[in-house]
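Once you scroll down, you'll see the structures, which are given as structure tokens.
Shared between the two complexes below is chain A, which pairs with chain B and chain C, respectively.
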Partner chain A sequence: MSYRLRVNPIACEAHGMCAELLPERITPDEWGYPLISAEPLPESLLEHARRAAQACPTLALLLERERARS
Partner chain B sequence: MAAAGPTAYWYLTRSTGAVALVLLTFATALGVLDLRRWSTPRLPRFVVDSLHRSSSLLAMVFLALHILTSILDGFARISLIDAFVPFAGSYRPFWLGLGALAFDLLVAVTITSLLRQRIGYQGWRAVHWLAYASWPIALLHTFGTGSDIKQAWMLWLSVVCVAIVVGAVLARVLFGWPENRRRRVGALATAGGFSLFLLAWLPGGPLGSDWARRSGTPSSLLAHTHSATNSSGSRR
Partner chain C sequence: MSSAASAYAQAPPPSQPAGLPRLLAGVPAHGALSLQEHLEIHGEAPRKPRRRRRSESPLIARIEAAGLLGRGGGAFPTARKLRSVASAGRRPVVVVNAAEGEPASLKDRTLMRARPHLVLDGGELAASSLGAEEVIVCVCAGARASAEQAAAAIAERSRAGDSSSPRIRLQLVPNHYLSGQESALVSYLNGRRALPTFTPPLPFEQGVGRAPTLVSNAETLAHLALIARHGPEWFRELGTPSEPGSALVTLSGPVAHPGVYEIELGAPLSSLIDAAGGATDGVRAALVGGYAGSWIDAGRLPSLALSDEYLAQHRARLGAGVVLLLSEHACPAAETARVARWLASQSSGQCGPCVNGLQALAMTLTETARGVARAKAEERIARLASLVQGRGACAHPDGAVEFILSAVQIFGSEFADHARLGTCEACALAGELPIPDAAARAHGGLRRARLA
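Up next is the complex of A and B:
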């Protein structure tokens, strides 16, 4: 089981908190909206990703479970 | 117990009330200041946000202690029901009721914040507006029931608390929040109006003479000065 980060582009208001909390995978674009790296999330980053999703002021960052592709 | 002099609970309920007001002020000011994109390299947004969260939760802990000790003290005969149902008690019903009302609002705000991910953004946000109402209500409760308010330290503490929140509103309205002109004007008018109201009301109200009787302290309690070991004699 792996996890994937996704942004709801309608809810996102570019507060930029996720990029502060998970710089390993999220970088702000020039307007402050998050760009999420396509690299998989290793176990060691999972807790940080969860925290970034919880901290999002508009709950626009989603941490989704992803079934391994067979 | 009423005739036996102040209990430890009595001192605890006053001090925890004062600490809760300070924490609540801090949390409210941080919430107001939590501007979009306001951050510095040394104070990133998530730090401001965590401080807001932690100080709010700590304020709730002190509020719980404040309420528990005021019930246990027994002098004013405040029941557990009075702590949750506003305006029902016998001791300064209106002013104690404001405290209960502020606590109810804050409980709603706290629960929805802890369950934010389940409730969703819109619902959480609608309830979270109540937090703005809870601070002035809690402050009026402080002035209306606080028996230390005539003492310089408590009066100055409260004045500083008002200054912090009004200052935070000014900072937010003047330096941020470019949209919503109507809300900005509304926030300014509310903050200014509340300050003016306090200025007009305090001298003749809680700082004036005979406030204990006028605020609705039962006459049976007014007879006990209950201040034998209380140097200020503030408990009337």
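Up next is the complex of A and C:
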């Protein structure tokens, strides 16, 4: 099962918690909104990713199961 | 008249119109076709394709065989969308999208004004094939004549009294670029502001009143109504194998008769310009696909064909069928900077990268056009573009970036001259590219419009 990170850009208010908790995959852009790396999330980062998602004050970071292509 | 609607379900198949025009067949110079006139030209719609309990309505297979692609800008296969809605479980709703927020497009309001019954046929047929009982026709509040004709046509049909038909109602939507974006439309129909929402759920999963919702462009549904009558082979007599049929195109700029034309997909641009009475001035470039589209240099125009397959080599798409010619006398730098500012102003303000990025892009473009940009403006534009693309809840920033990047590329020498020398004589006259007036903009997206 592979997972990916996605931001709900409407909910995101650029608090920046996610970039602090998961710098391996998330960096802030010049306005503070998260840029998410396209690289896959390895097992070893999954727990960090989960924590980053939970830490977002507006719950704008989503850890989603990769949808199978239809 | 006994009952137009019952005759409507039984008459023999009409003769098949060959060639063009199809959608615009029989359009009188003024006003709309009445139901009677509509039926005389196109014949009755076929028996309503009832959704069957387990099997799919046969209309969907016919639409698939016809290869109909959505005419709202995305060119998505209509049959696939119908199937997604049909398989979503609950009783669906059909939304006819004639919001037409694109300032350079007039085709949906023209169709709605001149051929309301063809669009309504399409909405009804799609609804019946899905088992939907409600069709909501969304027309932009600024297109008064179109809204009036739609209202009159709906009333005419209800007087004709076919009680087995789905209910049709008209909804005016705000004059705003984003109103026609499908999730914004659904949001508005659910009593909220006409702003895009985060997806999923997509409208086909959860739309109006949480029901699976088909949102289709008005022109798409008009084609559907003709395919239901004449069949997929007839539809494919025009167009190309991958982009069959005809399409409505709004042509503006220096031609004798700017306006809405019906073309065969794949037709040369030159034939469209000829149909419009020819160019009345030199042309610097063409914008294809509207303000989410791409500029193409004049040198490429003589051989240009109007199909996505052909336009792909110019990184362009026909989109909602907008072709805008920019005259040689206009200043491309000032014109595109002005549109870029307008595109930034149309951001709904919900997503950080879209709000900040489009604003910064518009500013950089404007500064360049006025010769006051900081060094490396071009690099900044490229970087900002990459920060905006794909990072909004809707595709507005992606379209705006497409417009801006192609402008910077095609008008590279003009931008370079302006960066070096400042404004030119034509800068002050910028205004050839249409932008809705300020009054219409002030209420954009934020108020619920009322049918006057």
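The rule is short, and it goes like this: the second predicted complex is superposed on the first by the 66 of 70 C-alpha atoms of A that agree within 3 Å, B and C clash if a C-alpha of one lies under 4 Å from a C-alpha of the other, contacts with A are read in each partner's own complex, and residues count from 1 in each chain.
Throughout what follows, a residue touches a chain if its C-beta (ideal position, glycine included) is under 8 Å from a C-beta of that chain, and two chains touch if they have at least 3 such contacts.
These numbers were taken from a predicted model, which means no experiment stands behind them.
Novice: After the chain A overlay, clash or fit between chain B and chain C?
Specialist: After superposition on chain A, which the two structures share, chain B sits beside chain C with no clash.
Novice: Would you sort A:M17 into first (chain B), second (chain C), both or neither based on which partner it touches?
Specialist: Touch status of A:M17: first partner only.
Novice: Of the two partner chains, chain B (first) and chain C (second), which one does A:T58 touch, if any: first, second, both, or neither?
Specialist: It touches chain B, and chain C stays clear.
Novice: Of the two partner chains, chain B (first) and chain C (second), which one does A:E30 touch, if any: first, second, both, or neither?
Specialist: second
Novice: Once both structures are aligned on chain A, how many angstrom separate the closest C-alpha atoms of chain B and chain C?
Specialist: Across the overlay, chain B reaches chain C at a minimum of 14 Å between C-alpha atoms.
Novice: Take the contacts of chain A with chain B and those with chain C, and give the residues found in both.
Specialist: Looking at chain A, the two contact sets intersect at 11, 13-14, 32.
Novice: For a test of understanding, state which residues of chain C touch chain A in their complex under the given definition.
Specialist: Those in contact with chain A are residues 197-198, 350-354, 356, 387, 391-393.
Novice: Note which residues of chain A are touching chain B in the complex, please.
Specialist: 11, 13-17, 20-21, 32, 54-55, 57-59
Novice: Spell out the part of chain B that touches chain A in their complex, as residue ranges.
Specialist: 36-37, 39, 44-46, 49, 116-117, 120-121, 124
Novice: Sort out for me which residues of chain A touch chain C in the complex.
Specialist: Going through chain A, the ones touching chain C are 7-14, 29-33, 35.
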